[in-house]
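Shared chain: subunit A. Partners: subunit B in the first complex, subunit C in the second.
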Partner chain A sequence: MQQQTQQQPAAKPKKKIRVPRVINGVEQMVEIEVDEDSGPGWGPNDKHTLLNHRIPRVDGPLKASGTAKYTYDMRLPGMLYGRILRCPHAHARITSMNTDAASAIPGVKAIVKAPLEETRFSGAPVAAVAAITPEIADDAIHAIVVKYEILPHVVIPDESIKPGAPKVVPDPPDRKEDNLQQKAKAGDLQKVEAAFATADAIIEAEYRTARLHHSCLETHGMVVDYRGGETATVYASTQGTFTIPEESAKFLGLPQSAVTAVVQHMGGGFGSKFGIGTEGMFACRLSKETKSPVKLMLTRYDEFVMTGNRSASWQKIKAGVKKDGSLVAVQSRQYRLGGVGQGSQAGQPYIYRGGEFYREIYALHTNEDSSNAMRAPGHPQASFAIESLMDELAYKIQMDPVAFRKKNLLSPTYHRQLDRGAKEIGWSRRNAMAGGNPGPLKRGFGCAVGTWGGGGNNQCKVDVTVARDGSVVVAVGVQDLGTGTRTYTRAIVAEEFGLQVTDVTEQIGNSKLGAAVASGGSVTAASLSPSVKDAAIKARLLFAERVAPLLDNAKPEDIKFANGTVSANNKSITWKQASASLPAAGITSHGVWRSDLQATGVQGCCFAEVEVDVETGFIRPIKMVHIQNGGLPLNRLTMESQINGGMIQSLGMSLWEGRVIDGELGMPLNPHFGDYKLPGSLEMPELVPIIDDDDKREAVIGIAEPAVIPAVGAIANAVFNATGVRIRELPITPDKILMGLMNSGPISTAKV
Partner chain B sequence: MKSFEWVNASTIAEAVRMLNTAAPGKDIDEAPRPIAGGQDLITTMKDYTTRPTRVVNLKSIRGLDRITSDSKGGLTIGALVTLNQIEEHAGIRKNFPGLAEAAHSVATPQIRNLGTIGGNLCQRPRCWYFRLEEVVCLKKGGSQCYAATGENKYHAIFGGGPSFIVHPSDLAPMLVALGARVAVTGSSGKQVIALDKFFTLPAEGDVRRENVLKNDDIITEIQVPASPFAARSTYLKFKERESLDFALAAVAAAVQLQPNKTVKTARIVLGGVAPIPWRVPDAEKFLTGKIVNRDVLAQAAKIALKDAQPLEKNAYKVPLTETLVRRALAKAAGVSL
Partner chain C sequence: MSKSRDENGRMHDPSRRKFLKGVGIAGAGAAVADKLWTEAQAEEQGTSLKTVSGSVKISLDVNGKTQPVEVEPRTTLLNALRNHLEPAVTGPKLVCDMGTCGACTVLIDGQPAYSCLILAVDATNKKITTVEGLGSPEKPNAVQAAFVEHDALMCGFCTPGFVTSISAYLKKNPNPSLAEVREACKGNFCRCGTYPRVFEAALAAAKKSV
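And now, the complex of A and B:
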């Protein structure tokens, strides 16, 4: 991130910085003004008493025992159940909708229609029902009779790009748009062409990644509790508590301030849960119409076709390299396959900066539901392609892939991480000749690198209250996606007061509490923790002022808080004794964000070992190692868990996951976990998450997203090393391995 | 799930009567259905693929959940015996190891605890066109098998047309290899059917069904005769994903060997590649009289797959199934490849 420092005439020095702001899960950079220096820092990373240790998740027992209440668990008196009717056709016009038979079913309380006449993808929601049981609601949506005029559709990108293909997105009033739209262009084509003339080896290849689903354990949905009064409460499975009230209020016909959003526990979002969504709109309308609480949680089928996806990609890349491994040029033509949406894809050559580059990025539309943000939007796609290509070049010039990367990546962080990873995976056991191991079970090794931002912004306002009995509450409206927010929020405050994690209680997930950031772009930790720290420091000083008379009038900043005691001037009293000196209402501090407590910019690398049965095409991941830096790890257990989760999600993308769609019907064929194959426990390799403690920055940085980026390239490269077959289309399934071996050469190649 | 009437049957006769007397519905998929473990039926009801007017519970019938042996060592397995009972049954593990392996290969422990042998044989296809509520394919009364020219990676390479489903059962190929029979009771009485006559090819039987059962027929037991090859039986299933998946291809093999490893009898039945368990008699004949070794098994595998007719996206099943045939036979014969 660029930092622009500018002196201000005001008494307190200010500086302008650029920070990420998450809009629908995608971060955009904005400039804000902050104090140059605003107080004590975190201190050295190895001097913490709680932070940077392994702190068990405070909500773990609740979740493991089933006590934690998710939106899905809400059950209110008189609550109705909502279900959504979807259009099965990829492109159609609704000519009529008859709800008489559905309304006549006993128990059906309301039916609302979507405000649309034309649907552009299979799965588009067209109506919703509220009934006294979910089964009756199901029967009711089946009883709605919709007549469609079927319109031409296209769901296969290779067809959509052809002239005369059915039009996916309507023309804006001011211009005519094809299914293919150029979105970006960068670099110098002439320089690239000249540079290719100097290359010793050139590879042109075409890479494809499949459309992926977020696969949240808890589907999207809300419980809208409105009973006809002046206020409403909305329980939402969301990544942004504060993205809920405004939109809900609009459909409930209430002022925004009359709507409270509650998000106590939520079952995963991965970028797909911002705002109320179509399902939330329906839930609000049904609740308003019936004046009853309405629970509308999507079915798994709905979830697969209505809530967005990680855009697929189609990338044509040409790269040239010198014999010594230095890149001379990379030229790419990249298609973002976002359905009716825009898709996302990082620009090539991604993190490789050697030589010249030229790229063109296009959105290529198909009649599929819109892509949306998914953990590191656009990055795993780009990483897979470029890391595969770098590997291909390394093999072509017979250079070790690790050495090749070190040659083309200047940062010493990457060098140390690559060395560490090579050691951990046992890179020396690798056969340099791809497919060169004897027997049908062939081991292979691969590696890849990745990067991310992870900085925060100034949206969190945190209150810390200490009561006269010594109890401590930290309150902020933020949601915990399962990423450990509750735990570190407690731990920061506990550490400041020299207490244990169990001595502090957090209150989160409620829009009546202090404002907070939406969780996307790995911004939560770096946005929230500085505000919590600021509140904790202020609370400590307020507390110290009160207790000073008991400690020979020590200066507040000299009073020490450690091991449950408060001490100064060789006097020590217990926390309880000290708290008794507080006023009846206790003390409360208000914390705001401080840019100096966070940073941005992380790096990581992943190594993988796989075993491929070349007689069946079966790929068994054996071991994965991911090394990740991230400044100050708030909780080492959580950071390792994030790294593991990233590796697992990336492994799924590599070997199993992907939407399959029928070109003729225009319908997704695997909208269920039977045929959309997530890796299960038997698929898990040995996972080795390594925190790169050589990163000495005393600052919090988000690392959820970088953890998902490089593994996909590492796995693909390991498969090549094992088999000698380069699969350039994800997921790498046994059929592709077998057909690749049968054709005894690279498959799925194409010219730029 | 469309609302339906639930009936607990206490006898086989009552179950048949309750199936026979229910409103038949407008379509075969609306006909009354018996339910045992419900592991497949419930899923098809939840997505409205099956919409029975009445569901007749067989679990309330006593005595159908037992495994018994006859004096020769043959088995009678009640239709309500769970897959878990089969995989853990000491006698089956010893004398019919392939059957225990086939039961163990199914789905997850939770499903094997509830799923029954009768239900396993009567599973509906896993074809993704068939399973998609909105698609009215040939098997649901439509005019087209979308898999024929569509996404057919998982579909048939043998016996396809006009429908190209593969039969999803893991027990079926093994039971066919073991020469099993099913006892069926319906409104016309009780009959015993050889399992290889139980399943029907889409070109030969009713394309809406996968077997000879009528709406009011129920399987009551499965008989597995003692045989000289049962002790050398094995089931080898290939899944893309080991946690919970159906077979891309599977091989049920059983051999009777002379002491010098000469094959006296061989049974090879393929799963996951045809609309029915697909026996390959030419390969069985080829093996008979030959001493098992690497080359012989490779030739047998080639012969087993020689008549395969892959679709556009499932040619990989040919080399895959060849590998499985070789490996299954090697395991059954106790030789290493």
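And now, the complex of A and C:
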């Protein structure tokens, strides 16, 4: 064939950038190539008509009236209910399993076994059943007879670290390993040791944080709609629509393209819901075997023992400072306590960069279920330890903790935020002498700072369609975790066209729509909103080209869209009139990600006021203030809600939450809401979420995770300020306060 | 379990004997696999019954509509609403299934109750109102509207429970203090962290409906 000599359009100039990508809820940096030239931007943050305002969430009416359909609410004709049988022992080998009695129960349709013979934590799944009601499915798992050979276990880190402790995780083929494995080291030990010699004050301490449960109110699970045909629809409670089809297809024996994942509304994930999980695998296998739809939603007990957790931590840190407050050295040994998994922990000295540092990070295994990503994986743990330690140093050299932080954090953003926070909480009311207030009810104040990335990546593909009747649809497969994704997706498009939020409809949560990121690492807003904006700008220009003849052939980029009208050259027509000039099928634009519409790097700080009854040890949080920057706030209302949520979850970690496990039995003792204490309405302090509008970046950045980081240190430091007792192990419970008071000598409860 | 008097002065007696009697009336002819039930029936009827599993036909009055439904005697009201009624009533959520979180809250003759702790067979001859019965997306009640306006929901899974508890409380106390609102929803858990805005919404709804 003769070669065409047609001129190719010049290739757009490209640039390489590094962006976060989420793998199982944990972000990893990857290099990607993007177009160098950029289009129109967001414009100044204070010039928006919808964005950066308070937009009620568009799915609010559905949720408040109970009509929003979650995965758990799906009920299909002929649907079976799945249940999972679990091994109660911390470490065991399955020697036999008899399912005869279970199979004989009327209504039991299928039983499948887990592909494992050795279980390594209490709660490990061993089999699953499908039956016509959940009650019968429950009968069936109780009727399965499993015989176990019980093997030695260890669930207490201090025992697991000892030589000769029971082996938790099998060795890799090429080497022998202990339960303790070094994962990373950084810094210069010799320089650190030399620097300690120059310090005026040194503190060496151990900090521990408990294993936390995500406690998503909608448990993990899927409803698999497969009836023996060539396609399947999988309803999943997931943080990643596109993490579902491939794995589901594998267990259903279908091509990936034949499986559609649907996620219309989901009841919380907090980092724990990526991929189909063991429960999804069982649901697919049961559905395949019975050729019937199967709903397998975990029970609350299942959720506590199997869906992962925020890894516990054990950190040994030594730090030295000069009299003027400047850090000279920080040395740390950090144990990630991830059960049979790896756990996560940010490296110390976390965000404090002054002086020299040296750290070693280890994974220390126990016979507990694997940890999982949880809102800012590894960060609150590291933040609690270093923020407590910084506070201890500040008190030791008698320096104000706010001034101490300003001395060691160079960013003017932190300085500005710390000043603002101090004012909002009333830092001047703080008694500099810890435990120095009169009476048995002692008030105290504490603060801490935090940071996060929050940038996006190029995984979102968005379509915007305008029909000839003026209706507008924005479509992308992304999920909304309750973070307000639906709302800002609509608002971006509505603003571009000068319309109201109610004039646009969004279609999301379906793997047959445009590709989208999984929601982890706070990447969603910064990945999705640039693609939505790009699609909206392109749709506006396509629309403008069509309508130009009605407006004296104005240039498309000069045509204005505002207040439901389209205008140029002193002519103005309504949106409806303008839309009528579109072709019969309307117009559709395809948006891709633009790096210039987002950014990475946010800062925040938290201040807390608590009241501690030194006669009972009872701690009452009084007030919390969190100041957070984040470039362009897409929706102030939902951003504030996220900041509130971060503070509240962090408060739970500080004072109430933690798995309790029995060392002898190796079983969790509080796998339900009766004994795992979540923050409740009676404990709520006054919460003040503040958006730092001095951040003038015209770019979108995610803020879900930074909001959960600093409060834990702020609360712990406030408790110290109130009582003079430093609790280095979370949660800070009344017994620890009383023990601390007993050991620290008499404290005055006299009223002045 | 304690007895309590409902709004109409009727005694609500969730005791086992009363419940068993209820089953006998509602599910005449049906047999259930509960040894104690059998013993109680046998004692009252002077006969002995064989225990086999099975279901009972009852009717439930949900959101003003009385519907027949077939359930096992052990089926909770929550599971009857979600898994057996046609169409399914899924506003009340199954979250803890043991009366700790409040996501399954419904009104029984106007009183908030955890529907995961009530057997469906014990909910016959009572007016059951779920969050769907309080208002719709198009015609929300004052509490539902305030929840949306004040962003008192995020993932929304706890929301039906909070809306139901607060709606019932505001009927009882139309002008509550913040402390009373906190108390009114202490039986409801939220994980996303909506509490401060739930309080705001409740107080705003109270102002509007007064």
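The rule is simple: the second predicted complex is superposed on the first by the 733 of 752 C-alpha atoms of A that agree within 3 Å, B and C clash if a C-alpha of one lies under 4 Å from a C-alpha of the other, contacts with A are read in each partner's own complex, and residues count from 1 in each chain.
Heads up, the rule we're going with is that contacts are C-beta pairs under 8 Å (C-beta built on N, C-alpha and C of every residue); 3 or more make two chains touch, one makes a residue touch a chain.
These figures come from a predicted structure and were not determined experimentally.
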item: Contacts of A:A64 with subunit B and subunit C, given as first, second, both or neither; value: second
item: Partner chain(s) touched by A:S641 [first = subunit B, second = subunit C, both, neither]; value: second
item: Touching partner for A:E135 - first (subunit B), second (subunit C), both, neither; value: both
item: Partner chain in contact with A:G674 - subunit B first, subunit C second, else both or neither; value: both
item: Contacts of A:G240 with subunit B and subunit C, given as first, second, both or neither; value: neither
item: Partner with the higher number of touched subunit A residues, subunit C or subunit B; value: C
item: Touched partner set for A:P293, first subunit B, second subunit C, both or neither; value: neither
item: Partner chain in contact with A:P88 - subunit B first, subunit C second, else both or neither; value: first
item: Which superposed partner A:E615 touches (first subunit B, second subunit C, both, neither); value: first
item: Partner chain in contact with A:G354 - subunit B first, subunit C second, else both or neither; value: neither
item: Common interface residues of subunit A - those touching subunit B in one complex and subunit C in the other; value: 135, 672, 674, 679-682
item: Contact footprint of subunit B on subunit A as seen in their complex; value: 88, 122, 135, 138-139, 142, 301, 615-618, 656, 660-665, 667, 669-672, 674-675, 677, 679-683, 733-735, 738-739, 742
item: Subunit A partner contacts - residues on subunit B that touch it in the complex; value: 1-3, 47-48, 126, 128-129, 131-132, 134-135, 146, 149-151, 153, 238, 240-245, 248, 313-316, 319-320, 323-324
item: Touching residues on subunit A, where the partner in the complex is subunit C; value: 56-57, 59-70, 72-73, 75, 81, 106, 133-135, 214-219, 265-268, 270, 297, 299-300, 481-484, 637-638, 640-642, 644-649, 672-674, 678-682, 684, 686-687
item: Residues of subunit C that touch subunit A when the two form their complex; value: 53, 72, 74-75, 79, 82-83, 88, 90-98, 100-101, 103, 130-132, 134-138, 140, 143-145, 147-149, 151, 153-160, 163, 182-183, 185-186, 188-199
